[in-house]
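Letters A, B and C mark the chains in the order given here, with residues in each chain numbered from 1 onward.
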Amino acid sequence: MLRNTNMRWRLPLVCFAWEIAMIVLFGVFVRYNHETDPSWEDYKKEENITLDIENDFYYRYPSFTDVHVMIFVGFGFLMTFLQRYGFSGVGFNFVMAAFSIQWALLMQGWFHTFEGGKIRIGVESLINADFCTGSVAVAFGALLGTISPVQLLVMALFQVTLFSVNEWILLDILHVVDAGGSMTIHTFGAYFGLTVSWILNRPKLAQKNNMEKPAYYSDLFSMIGTLFLWMYWPSFNSAISNHGDAQQRAVINTYLSLASSVLTTFAVASIIDKKGKLEMVYVQNATLAGGVAVGTAAEMMLSTYGSLIVGFIVGIISTLGFKYLTPLLAKIRLHDTCGIHNLHGMPGIVGGIVGAVTAACATEGVYGAEGLKKFFKFEGEYAHRTPSVQGGYQAAGICVSLAFAFVGGTAVGLVLKLPIWGAPSDENCFEDAVYWEVLEEESDVEIGNHYATPDSTKEL
Amino acid sequence: MLRNTNMRWRLPLVCFAWEIAMIVLFGVFVRYNHETDPSWEDYKKEENITLDIENDFYYRYPSFTDVHVMIFVGFGFLMTFLQRYGFSGVGFNFVMAAFSIQWALLMQGWFHTFEGGKIRIGVESLINADFCTGSVAVAFGALLGTISPVQLLVMALFQVTLFSVNEWILLDILHVVDAGGSMTIHTFGAYFGLTVSWILNRPKLAQKNNMEKPAYYSDLFSMIGTLFLWMYWPSFNSAISNHGDAQQRAVINTYLSLASSVLTTFAVASIIDKKGKLEMVYVQNATLAGGVAVGTAAEMMLSTYGSLIVGFIVGIISTLGFKYLTPLLAKIRLHDTCGIHNLHGMPGIVGGIVGAVTAACATEGVYGAEGLKKFFKFEGEYAHRTPSVQGGYQAAGICVSLAFAFVGGTAVGLVLKLPIWGAPSDENCFEDAVYWEVLEEESDVEIGNHYATPDSTKEL
Amino acid sequence: MLRNTNMRWRLPLVCFAWEIAMIVLFGVFVRYNHETDPSWEDYKKEENITLDIENDFYYRYPSFTDVHVMIFVGFGFLMTFLQRYGFSGVGFNFVMAAFSIQWALLMQGWFHTFEGGKIRIGVESLINADFCTGSVAVAFGALLGTISPVQLLVMALFQVTLFSVNEWILLDILHVVDAGGSMTIHTFGAYFGLTVSWILNRPKLAQKNNMEKPAYYSDLFSMIGTLFLWMYWPSFNSAISNHGDAQQRAVINTYLSLASSVLTTFAVASIIDKKGKLEMVYVQNATLAGGVAVGTAAEMMLSTYGSLIVGFIVGIISTLGFKYLTPLLAKIRLHDTCGIHNLHGMPGIVGGIVGAVTAACATEGVYGAEGLKKFFKFEGEYAHRTPSVQGGYQAAGICVSLAFAFVGGTAVGLVLKLPIWGAPSDENCFEDAVYWEVLEEESDVEIGNHYATPDSTKEL
């Protein structure tokens, strides 16, 4: 069955509706916080702050720009690896993220910085909004090439909502630590995306479509994404850590874990090929698993060698996943275009477990008596929580994230299955020309084959 | 008429002359400022500064590197979208910018940091020099593919000069606020470039040249430029704002305006195509209009939803401009290769107006009594200026910038029309092989057609 | 003679062995330093530090991320210029660097931050590790396309070791200043790589292989590397400078020197071509010579025009080197794929000399009486050293670095000549398909010719 993929009214309608809603809601709810407002001068006096450089802006802005690059160039270019889906990969990620950051500012604001009827935003809010958007980008990876931009924007609306509720439960109810988002971003994002993909399943996709493969230059474009993700991941995992030692520790742990997973990725990639040849897909993805897997524990006292060990293990797991698990999942009709299960799913769960164990093993000897309380925020109603109990709650956080992913993903998948969002037919998956003007000389050569059939031409 | 485009003596002569002049002038005039000199230790004591981190360097350097990336990778790669003009787009932007930043340090230094016969430079000077260079890169966008590198370097010499005078009039005489340069950078740059293009007009260009179109991969390269411009624009608009809340506010307003214009760009791009298909040119350009249009008001109390509204409107204006206005301008012989009128011209004027209105509406209730005076620098001879008067001066700033652009552009255009700068013939426009060694296998395929004519071959 | 290039067991073995060694050694030796550890709170009190923002992290982290980008995207993409070696250029640089930063943390740690049996690491350690890795990336440039990834990892092991010893002799024994590494990184790295290349010489390479040339898009990918190196070089040269004025001065001097070398590169590139046409190879490389050549003196009182003059000269030297010297060296069997002798070798030596002269000319009038002692660390056993003596030691540093490069390069070259590392045959040099799965449709077209011979096919 071919579907009507014409976006002419659908896409504008969704974009305008979403953006006008944002404007109205921002008008009602969103205001600058003290550090962003001229009242900063008064605030400085009240809080006994002496220097402008103590404004949180200067602690976080360099990390924020790095995270911003990860979301737009990192994820965007990572998704240009398909031979004829580069415009869509980078372009749809762009519009999805531009919407999601706005909606996340609202959703996260209501849960975390809502005072006197207003959401107060500052640089940390921007980072959190980018984080939430990252989880949508992860989920998009499973669906790349098989959903329309309208479906993506609808999914973003729901996923940002679910993300924020899940994040609130983890941080405010379970009171867990998850600065780099192994659970909230990666585990939730990956299994949400996979569940949606499973609901939307296309049993005959592989037979009807031979476009799902890279080309030489598209693989190089994808490496731009990989490297910016890899280089800036230390900023990602440290961006909202406590000022001072915690932020620096998160950087070092992430840096080491990532370095380690590069080595094991290359090692395993070479072992699993009969001729020992490498494939770009592993290098583009599994090298990043080390960053995912220290997302929860990066700011903890994971130790330098602990970080190396985590990266070592997930580099192996992730590469093996691409080789053996993704084809297996495809057989049970679980399509995963970018292999997010290998990059974000399994390493995300590992990250949650590493975080739980590291928290459970925390001692006053290592953190200092005051340091331990400060770090895990054992204060107020949580004043009597011990590290081992904290470890239990951390583990519970993984389960809650998975539950949200499966239930939420099923519901959202069913919504996206409605035949009104312009989903492409199997023949038109992984094909820019469905949604973009592509110059004819180019498209003729490579995609001519399946255009020749009268049916599909009619639809385009 | 074919012209002699051989650069062998022209380009070296201009490069050496320009650079030797820089060395002599820097030797006579340019010195480190207090924060860059070992006298910093004494300066700290005098100014009662206690910590090294209070050196302006640490407030501005992260923003500076982002701005630097925007000028060289942002503008550079944005201009690689033509199928066979990528080397020139990124390469000529490189040499132009490397010269312009030096000349801008001198020109802006004479106007702003000239003390005791010496220009004192520091990190803020580098940012301002990059800003000035940005306006030349904007103007280059209108002329991309139609001028030689020598013409570009000659234009840069004059444009930097005019920019600095215009900037001085706006900031020091009219006393306006324009931290992100909606007026000084975008409005001036765009209309200056368009005026030059109009003077240099090539009535038969469209008939003789079919190279002015993108290719699949060149469109992807261009997206690298787009995204780095988009991601770092908050740094651009906040880079020279006051320390503390103003800098953070400029970031947030720019971030929001940009996000909003992405949504409306996609919406309009889909509406205006019969089949609802998107074109990369809109995504590459109109998505950035939100950054241009809050250039003046970003650090003001524009409010979060105000920023969204500005981005919403200019996303629409800019996309419609690309679709309907650029072809119209081409009919009156106003060639605009990159569509700078849509990205920098109209949004720049909108930005100036938004700034004027926001300034006119400023109240002590919003900024605080001291805050208002501090923000608009209502001190000394300007002590009695009111917000509404300030709004008037802001509006005057737009007019002055436009006047400078038209008069200056006409004069510079006439200089560039002299037949000594190696301008390419219409047939050779948008063609790297005129100025670069391009391997034959490659060039044969795509550009063979117009090389076959004996006349043009002779010239190359 | 064709060699067995199958990586299946060699590469995994080396990767696993190297990484497991790292984990064990990190477990035994590497700990967080005070500013990265929860003991930061106590340390603050002891050292009378009042604010978290005084943590060294905030002085150095923005520079660190820039340096990180230079190593992975800068060097990585710079090496994608060959038509069919992009995967290897960016991919092998990736795995080499991921290993080298770990090993450098250990080696440099033993020499510089070893206390009570433990190496204490913080953000400055990460920067130094990236620096050391930069020198391996430089050396790799000479060998690009002619060595296997296993050879590269073996070389990295030895080169990092030699680098650290040489660095220790320069900084701790000779007590020289070399913050941007003209001597330790560039001179050492370049001549080490060239010596290895000379030992590994392949007399018939040029006859048997016609793959060593760029393609249109690969030249554009390479420009991504060039520009990120160029833009972030000011961060590189200032990353470990003293807080305050020295760091800012290093930025400004590097910025100016780089700008100047762009102009002279374009000038000379145009002069030396009969038709005045530019070649991308000059623009990709010689424009960076200005950064190399102020590596030692950037933080000194080199003066703004002094920086411009240095950039002016090395832009010329470097471009002429690519045109005339590289072909000459090739005749004496010294193959230099990326022309590192022109970009890092000669400019590195110039940088060392500029540093020696600038140090020798230092006066109390310029630096201040205290400033001079503080800057050159004339304290303890060096309390009575004068600037002119310092100049002599700086010059000695160049000689020591060269000696280490020649002797070390010879030894390592002989190790790499062992026939067990899977070095490619001359026919298979500069060819991704030897080590990577490349889709057949692609590879057929361009590399089919030399695959047709039965001998070589057998090997792949």
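The definition used in the following text is that a contact is a pair of C-beta atoms (placed from the backbone, for glycine too) under 8 Å apart; a residue touches a chain by one contact, two chains touch by 3 or more.
The UniProt protein names, listed by chain, are A, B, C = Ammonium transporter Rh type C.
From a predicted model like this one, the values you see are computed outputs, not experimental measurements.
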- Note on the structure: One copy, chain A, sits on the other, chain B, after a C-alpha rotation whose size in degrees, in steps of 5, is 120
- Message: Same residues or different residues where chain B meets chain C? The copies count as same if more than half of the interface numbers are shared.
- Response: different
- Rounded to the nearest Å, the gap separating the Cα centres of chain B and chain C is 33
- Among the residues of chain B, which are close enough to touch at least two other chains? 51, 53, 58, 62, 217, 224
- Name, in rising order, each residue of chain C that touches chain A in their complex. 6-12, 15-16, 18-20, 22-24, 26-27, 30-32, 35-42, 51-53, 55, 57-58, 61-62, 65, 68-69, 72-73, 76-77, 80, 86-87, 90-91, 94-95, 98-99, 101-102, 121-123, 126, 149, 217, 221, 224, 435-439, 442, 460
- chain A-touching residues of chain B, taken from the complex the two chains share: 51, 53-54, 58-59, 62-63, 66, 213-217, 219-220, 223-224, 227-228, 230-232, 234-235, 243-245, 247-249, 251-252, 255-256, 258-260, 262-264, 266-268, 270-271, 273-280, 283, 287, 301, 303-305, 308-309, 312, 366-368, 370-371, 375
